[in-house]
Amino acid sequence: MTVSFGIIIVLCVYVALAVLDQISLQLGPYSPLFGGAITGLVMGDLKTGLMVGATLQLMTLGVATFGGATVPDFLTGSVMGTAYAILANKGASYGIGLAVPIGLLLTQTDILARMANTFFQHRADRFAEEGNYRKVELQNIWGTIPWILSRILPVAIGLFFGQSVVSAINSFIPAWFMDGLKTAGLILPAMGIAILMRYLPIKKYFPFFIIGFVMMAYGGKNFSILGSALVGLAMAAIYVIFKNKPTSPVTTSGTDSSENDDSDDDEVEIDE
Amino acid sequence: MNKLTDKDIKKVYWRNLFGLQWGWNYERMQGLGYSWVIMPALKRLYKDDKEQMKTALKTQLGFFNTSQPMSHLIIGADMGIEEKTGMSDPEAIVGLKTGLMGPFAGVGDTIFLAIYRAIVFSIASYMALSGSALGLLLPIIAGAAILWVRYKFTWIGYQQGTKLATEFAGRMKILTEGASILGLTVVGALIPSVINYSLDLKYQMGKVTLNIDDMLNQILPSLVPLAIVMFSYWLLGKKKMNSTRLIFVLIALGMVLGNLKRIFGM
Amino acid sequence: MTVSFGIIIVLCVYVALAVLDQISLQLGPYSPLFGGAITGLVMGDLKTGLMVGATLQLMTLGVATFGGATVPDFLTGSVMGTAYAILANKGASYGIGLAVPIGLLLTQTDILARMANTFFQHRADRFAEEGNYRKVELQNIWGTIPWILSRILPVAIGLFFGQSVVSAINSFIPAWFMDGLKTAGLILPAMGIAILMRYLPIKKYFPFFIIGFVMMAYGGKNFSILGSALVGLAMAAIYVIFKNKPTSPVTTSGTDSSENDDSDDDEVEIDE
Amino acid sequence: MNKLTDKDIKKVYWRNLFGLQWGWNYERMQGLGYSWVIMPALKRLYKDDKEQMKTALKTQLGFFNTSQPMSHLIIGADMGIEEKTGMSDPEAIVGLKTGLMGPFAGVGDTIFLAIYRAIVFSIASYMALSGSALGLLLPIIAGAAILWVRYKFTWIGYQQGTKLATEFAGRMKILTEGASILGLTVVGALIPSVINYSLDLKYQMGKVTLNIDDMLNQILPSLVPLAIVMFSYWLLGKKKMNSTRLIFVLIALGMVLGNLKRIFGM
Amino acid sequence: MTVSFGIIIVLCVYVALAVLDQISLQLGPYSPLFGGAITGLVMGDLKTGLMVGATLQLMTLGVATFGGATVPDFLTGSVMGTAYAILANKGASYGIGLAVPIGLLLTQTDILARMANTFFQHRADRFAEEGNYRKVELQNIWGTIPWILSRILPVAIGLFFGQSVVSAINSFIPAWFMDGLKTAGLILPAMGIAILMRYLPIKKYFPFFIIGFVMMAYGGKNFSILGSALVGLAMAAIYVIFKNKPTSPVTTSGTDSSENDDSDDDEVEIDE
Amino acid sequence: MNKLTDKDIKKVYWRNLFGLQWGWNYERMQGLGYSWVIMPALKRLYKDDKEQMKTALKTQLGFFNTSQPMSHLIIGADMGIEEKTGMSDPEAIVGLKTGLMGPFAGVGDTIFLAIYRAIVFSIASYMALSGSALGLLLPIIAGAAILWVRYKFTWIGYQQGTKLATEFAGRMKILTEGASILGLTVVGALIPSVINYSLDLKYQMGKVTLNIDDMLNQILPSLVPLAIVMFSYWLLGKKKMNSTRLIFVLIALGMVLGNLKRIFGM
């Protein structure tokens, strides 16, 4: 089984849109979750796509481009991992195992795109000297080209040679290596979490880290990330309330019954 | 001087949504994008004054980098100020932009890149794992809500102008702290929820089977995931270590842990 | 089956006592829970009474007469709902469905009673001018009459015509309406809760609302209202401790062993 | 002037337990009851002085309204003051009563009407639902404890007199805040615990059945009850809306939700 | 079955080491848990030893010698309770029942040891006058003798007469008494907890006591002491953070990406 | 005067680990042990000065009592000061020792005797109850970590000297409060976890069986254990009651509760 040209084109358009989503609206298409799902849908095996995408997504939750830092291209990893899994017909975990190294490999193309755009920046500088604002404007639009190419090229090439790649993997890569990759996939989320811990002031606010961990470690199946986020939100709000108002203001709660309380008709919000 | 119309503000909002990072580059980061985003305002204000336009273009092409959703506040404030003073004092504009972009990046990235993503996409992913593609709607819906917030930010920035710089600064500190608290709670919760690795080691001692995982769980559930995270955190603090290298370390670790039985010949 | 005179009299006496309980001791008889239980007991079907009463009680937990506000008379609703359910022999949910509209209908009688007492207030004013304190005293005692009548009359009438009412309901009210009432019963507690939210300063202290919700939403069957109240109490006490003592006082805990600690023999209480 | 005896205080306590609201009316609310409750003290102090008695009666029949359990503090303080100064300054008595009744109503209603009832009666109700009438003892026992608190309040009020007004005022603010925290925690917990409604919608999509309730639960347990409560809360904030009208709205909503299957012909 | 001399000697050496552990390193041998386990191991029934030791340990968690207070000798109780249980072959609960009264009985020997050492203290005083520091040093070393004897003697005697003691118990002590002891064992942990409550400033910080209780009471099997300790640690740290820094310092979190964050390479710790 | 060598400090650390309480007695408590522990330092400093040595010996044999792990800080500081000033001012040394030993005992006992033990030994015990002797390693490992902390304490004390007394004092208060919070949380959690007693009473009423334990659990889980603890706590506050007598009371209570069925002839 090879990937038809039609499918390659559709997926190329998709990753082009996805990278634009990533640097603008961030609605969803840029995420490995969507990458897997869309690829699965297009290639006729949505379920495998959902598995690969969702697993990869959870694996990279904390990975984000803070301050323009470059991170592995897990979206493309997700697209190609899913495609290879479906091609090889070897199940989702096969695809997940491949997605990580592919994402790693493609870190460089992201860097190239970000470097290439310096070219347009300099052209814009030149036009600015002339006061030619229309031409300045144009440079930013050209900037989309390197972004799009950096995603389309690897996907196109990877999918075109898909069958050969998969055969090569199947014949050359030993079982222990795939087992290892699988386990690596299980522990890789540690990276994203560790990045977040470095990014956030954990030394100052470590108690809240502990509380989050304990809630989830003991709450287990009954608890969820949104639950912990709500508790975190509550604690953050209590902190802000305390810090902001050192002296307790006169509260006017009390005898007014709700019937008379028609002066405010907003939903619950922070009252300040 | 010309006044900005509501339509101008909205145009800038739309451009900001899409194009702030199209021209992202290592030299000026969002500098090129910034100039494109604010261009409708520049046109309105300086179309007829070539000198001012030149100054404006050069000013707005300078280094800029902040969290995208927060950038609306800065660009809004920028428009508000230029509408009043034009390009008479470019330094002030640069000061506003560079003064706010740092703290806004901190709080914005914490909230929108780290926490928001972790929550929304983890829920959607768990739904996907249970076989339903409907979960993919969640980021779209929540994301739409953020677009609305960004719209509000544009107007708030525009209306507050310089006040934003002075007043928000104080608030920002406390908001960042709040965001950190929320963020760290979620980060702590992520460990047991997304790292599903367990040692899977059983040990035969005479008649009794020793289940190492059970024993570790009795001490503290998710002890192994916690240990791996702490190890990664510690590694990231080392010189010469970065997140990409950490991936290789973790893959190597996975290679070992995934083949424990092979290694010990069990 | 009709309701015997004996039962009607017993229940009338009960609701008279209950309304007095409501405006004084608030020990329990005034609650829909007791209303259902007592009616069930008297009419020989305690279990149905408990179901109707308990469900109605949970449905109206947050409903209270803050500041003299008038609320539906769910006690009478509970009594008559239970009675009708037993008469019709249609199970507890039938009774619950009827209790709500009955309670609503009787809102007015409560208002009438409260208005009627203005009469005695004015008489008391007159006697006060004369310094006739004995007569002043008497007026307050007369005040019980309107309260009692406002509860006894509807119950007596409603029970006397009980059989006809039930027949009418059974023949005229369509199934979808009873289904709707049942679902309405399930969502009606939202009203009481919303009233409490309006009554309490939720905009200022919303984090605690979140915490309460999250504990119960995720704790599920393992958690309880008392548990959440204990946590709420702890948080409230921490808040009060913090606010009251901005500077940390010297603590004298330490080397004294418990054996010497005979100076205080009280149970745990707030120490201030 | 005469002194109050312990028996007088106790008589007032008993009358307060029972009769403060017998004569409740829209014009003076607990005014009539107040005069009846404090009458044993008035008799002791002014029986022999017709003029003082008249002033006292007129003063004590004035508007009064507060939380019943808290009223003991006020009536106690009133007795303490009148014992010392008689009716020489009726304004002071009125000031004491009206000054304290507001804040006391706030904190008292929060604690005794809202929170206490929610806790005690919800436990008793759950017991009743599991078939045991013994749960009915719970409100009786807990209620007896409150009668004891009210007894204490009477004496505290009596002994502290005016000090109560000045000292309690400051404390009250913080106590109200504490009560609000406790109250809101319980209110939040009530939502998942007493609203047991779920959509009960299943959707057949090809081979898979979509259970809407399961999906919503995956996002947040009790999401639907929370939404209904938030909707009710929002409605109550509207002009012309009150709690009775809200019932009609919710019944109408129930009619729709309870017949969803009929409506969609499922 | 009697206890062999070899076993008696081994256990005597053990309790000697254990009492030294108790007054120095407190690594573990001094605990009833180890007492039971070691005795069980030596007498060939590790499992019974673990049961007796662990149960006794949990029973006495809060019992500690604050400020030199004397507490029952539950270590020796554990050793002898285990030994008797194995001798009588009556299961762990038999041994637990005996361990408590034995521990109580031996409270006095601990007091004797602590009194005896006054003798060496006075000798040291004398040598100090002479400036003879070597002799002063020696007195502290002699101090170990009373400690050791206070543990070895009861164990040696108790084990030597073990068989007779057990027979006496079996023939004289009625079933209801052993039942009673068993129940007493179940409620005895209340003592240790009450001691801790007296020792700690519970009147000031009772909210945290409530939180601990509620977490465990409702968390049940899913929760643990370590979990509650972590939450307690978090709350304590939040308290300390708040108290220490009344004014919020400028946080420098933010745009630095983790890659540049190489200035600190420590693990999570309190940052001050 | 001589300087202390690193080896001296280490020697004192080792002696402190083992012998501080060998000579424990009711008159001076850890006084005898203290002199032995610090002897290597005394030898180094005063071996050649008989008079100073005498003063030192007498000073160091005085009353002393504190938490063992915390004692390292005091002994360290003592060495630091004596190294500088010798025995010129014995009062200062006594002041340092007695000034710090009280607060250090409080916080040290809370952390190391109460909380640490409760946590580590409860985990180990639960492991033992499930049949695994491996849990016994836990206190050994955790205990070794504490020996390391004690090592650090020795050096901190030595290097900070008098500063310790002044600076730590302020910190100590807040640390003690923190330790109390941690401690009370654990104590609260101990109740449901280590008191496994339940009434085990069933009552036959007509057709229904009343399970008293179930009913109490519906009110509050672990209500009976809580009640027994509160009763014990209250007893301990009574004059003439101490922990040993409390044991007898609890055994008596156990005798009754354990024979309820016999008593009621069920």
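Read from first to last, the chains carry the letters A, B, C, D, E and F; within each, the first residue is number 1.
As a working rule, a residue touches a chain if its C-beta (ideal position, glycine included) is under 8 Å from a C-beta of that chain, and two chains touch if they have at least 3 such contacts.
Given the structure is predicted, the values throughout are model-derived calculations rather than measurements.
The fewest steps needed to get from chain A to chain C, moving only between touching chains, is 1.
Looking at C-D and D-F side by side, the one with more C-beta contacts is C-D. Rounded to whole angstrom units, the spacing between the C-alpha centres of chain E and chain F is 10. Work out the mean CA point of chain B and of chain D, and you get 47 Å between them.
Multi-chain contact residues of chain B (touching two or more other chains): 65, 105, 109-110, 123, 126, 131, 174, 177, 180, 218-220, 233, 236-237, 243. The multi-chain contact residues of chain E, meaning those touching 2 or more other chains, are 66-67, 69, 195, 197-202, 204-206, 208-211, 213-214, 217-220, 223-224, 226-227, 231, 233, 235, 237, 242-243, 248, 251, 253, 255, 258-259, 261, 268. For chain B in complex with chain D, the residues that touch the partner chain are 123, 126-127, 130-132, 134-135, 138. The part of chain B that touches chain A in the complex is made up of residues 17-29, 31-33, 35-36, 39, 42-43, 50, 53-54, 57-58, 61, 65, 68, 105, 109-110, 112-115, 117-119, 121-126, 128-129, 131, 133, 136, 139-140, 143-144, 146-147, 174-175, 177-197, 220-222, 225-226, 228-229, 231-233, 235-237, 243-244, 246-248, 250-251, 253-259, 262. Of all residues in chain D, only 208, 210, 215, 218-219 touch chain B in the complex they form. Contact residues on chain E toward chain C in their complex (touch as defined above): 66-67, 69, 195, 197-211, 213-214, 217-220, 242-243.
Chain A makes touch with chain C in their complex at residues 219, 222-224, 227, 230-231, 233-235, 237-238, 241-242, 248, 251, 253, 255-259, 261, 268-271.
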